[in-house]
């Protein structure tokens, strides 16, 4: 059949739209996974055992199973419970939840690594445990953990391609639509790969700037 | 002496980009001689030592070992073959010992003789036991380096280098990383080597040891040899002001 | 929770688990080969090889594995490559994980203290001899745990082949969700099997790591 890249220009605008969706999904899920990670970390470390144990079991389950499987669960599962979410929302929740769990592991380690002396100093000044955590420990832990979480966000970008399997019109699915019309999978998948690579580079640049600013604030 | 030099360093020069670390060093070491090189950090003394077996190649000048030029300019393959052969004749002892942690003392010492000189396991083992006995480490022959003290590791490192029966031994601040109590045991080994007329070039901070062992001392500073002479002269009656300053500062730090 | 249903269908999931295991093993092996080649390339004397190695790592790690799989499986025929879904899965995912393993292996080799190499070279050993006898034995020990992390991710990564209809665990889960409308049960069935596989492999890695440390 051979290759023919001239089919691309006609569908470029559609693919670019898919690009925008991919970026949107990635950004929203990333934000979710960041704050979700902090919340999960605090729960995993400081909640009463009756909350902590089932939570740990859930986290363990989510880290031991593939993202795609989790996406199926969320998308089809919520319908079962009566919540009919559009695929887009299910995809964002799935991605956000998955990475929130991984981020929470990183944040837990970072919180525990923050010097014990910090907590002691805060308590000595009269802060309650909750206040000390909120104002002293967690902010420092979050600062320490930005680089590895940044890596998780890059992974999130790449994994966002999976939501195409549950029908979300992002970059990958858009390419498939174009392929459906032109029967040229190689050309469009390579095009899509290039777009992902470029978005990836952009994300890395942004993350590096954020890292630098966080470092400067020390 | 009309004897030919054993180690001949001619116009050695080394630059890192615009930074000149060695500036036209000339040094001849004769067979059986023990030469010490002292000087402040950054003087280039370690760089010079490491140029002798081309570990840190020179950017200018020549190093000769007997009739062979060490830093010959050869195409890559031939150079590799050449330098590996030459290095078998030069033994080196490092400040941080560099023993192979995943091998026992025995294996550390027998590895190179078996691999490079084709000795059988029994022959290599015999050789290892001999060398280790000489440095007083025979009883630890099956230990792993992690179980040895610094002084013990360094003695094994010396035995490992000697097992290759080199013609000359280079010591790069061999006792600088040791706790003070452990320095003496290594010095003793080096003294015995000297008594057996091994040609030795020693870079060191230990003035008293250098004085007691060596035939000649070089004082280096800023990439040049500032002064050279027998220890009695250089240590007690240095001619150059920089030498005097260095010794004064060093002796007051070291308490003689 | 419909346990009766789970009891009825679990044999299908066991069959699918076997496919997942096969995929995991084959892609890991291919990944180790690619990783070793990649690391050798990145550490090579020749700039051409170093560039190729860096490009391999950058491109593969910079794009989604799913897309790489699609290019190989759907796009392959256009450039003369005809693979069935399983084959495409093994090759695509193997090459993918190989890029990550390249960095793991390279990292372990580079972590070996330079002084050791100097000592080996000083005794007269060639670069190759010092690599074989001094660097690699130690690097191999260092890389077991990080490779274990790669392998752990890989086992879960095999789920991607569900998108090209390979009948492994995730595909089977999706299929049965579609016919039974019981997503939680199907998730649980496949989830447990994934975790069992991961646990067993994890124990194996830990055992290997312990053995390596004793020596």
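Order of writing sets the labels: A, B and C. Residues in every chain begin at 1.
Just so we're on the same page, contacts are C-beta pairs under 8 Å (C-beta built on N, C-alpha and C of every residue); 3 or more make two chains touch, one makes a residue touch a chain.
Keep in mind the model is a prediction, meaning the values are calculated, not measured.
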| item | value |
| --- | --- |
| Geometric centre: closest chain by C-alpha means | C |
| Contact-richer chain pair (by C-beta pairs counted) among B-C and A-C | A-C |
| Mean-CA-position distance for chain B and chain A (Å) | 56 |
| Interchain centroid distance [CA atoms averaged], chain B/chain C, Å | 47 |
| Gap in Å, rounded to a whole number, between the CA centres of chain C and chain A | 22 |
| Contacts with two or more other chains, residues of chain B listed in rising order | none |
| Touching residues on chain C, where the partner in the complex is chain A | 59, 62-68, 70-71, 74-79, 156-160, 162-163, 169-170, 173-174, 177, 181-184, 187, 190-191, 194-195, 198 |
| For the chain B and chain C complex, residues of the former touching the latter | 53, 55, 80, 84-85, 87-88, 90-92, 94, 96, 98-102, 111-112, 115-116, 157, 160-161, 164 |
| In the complex, chain A residues that touch chain C | 1-3, 61, 64-70, 72-73, 76-77, 80, 158-162, 164-165, 172, 179, 184-187, 189-190, 192-193, 196-197, 200-201 |
| Touch list for chain C against partner chain B, complex | 113, 115-116, 118-127, 129, 133-134, 137-138, 141, 215 |
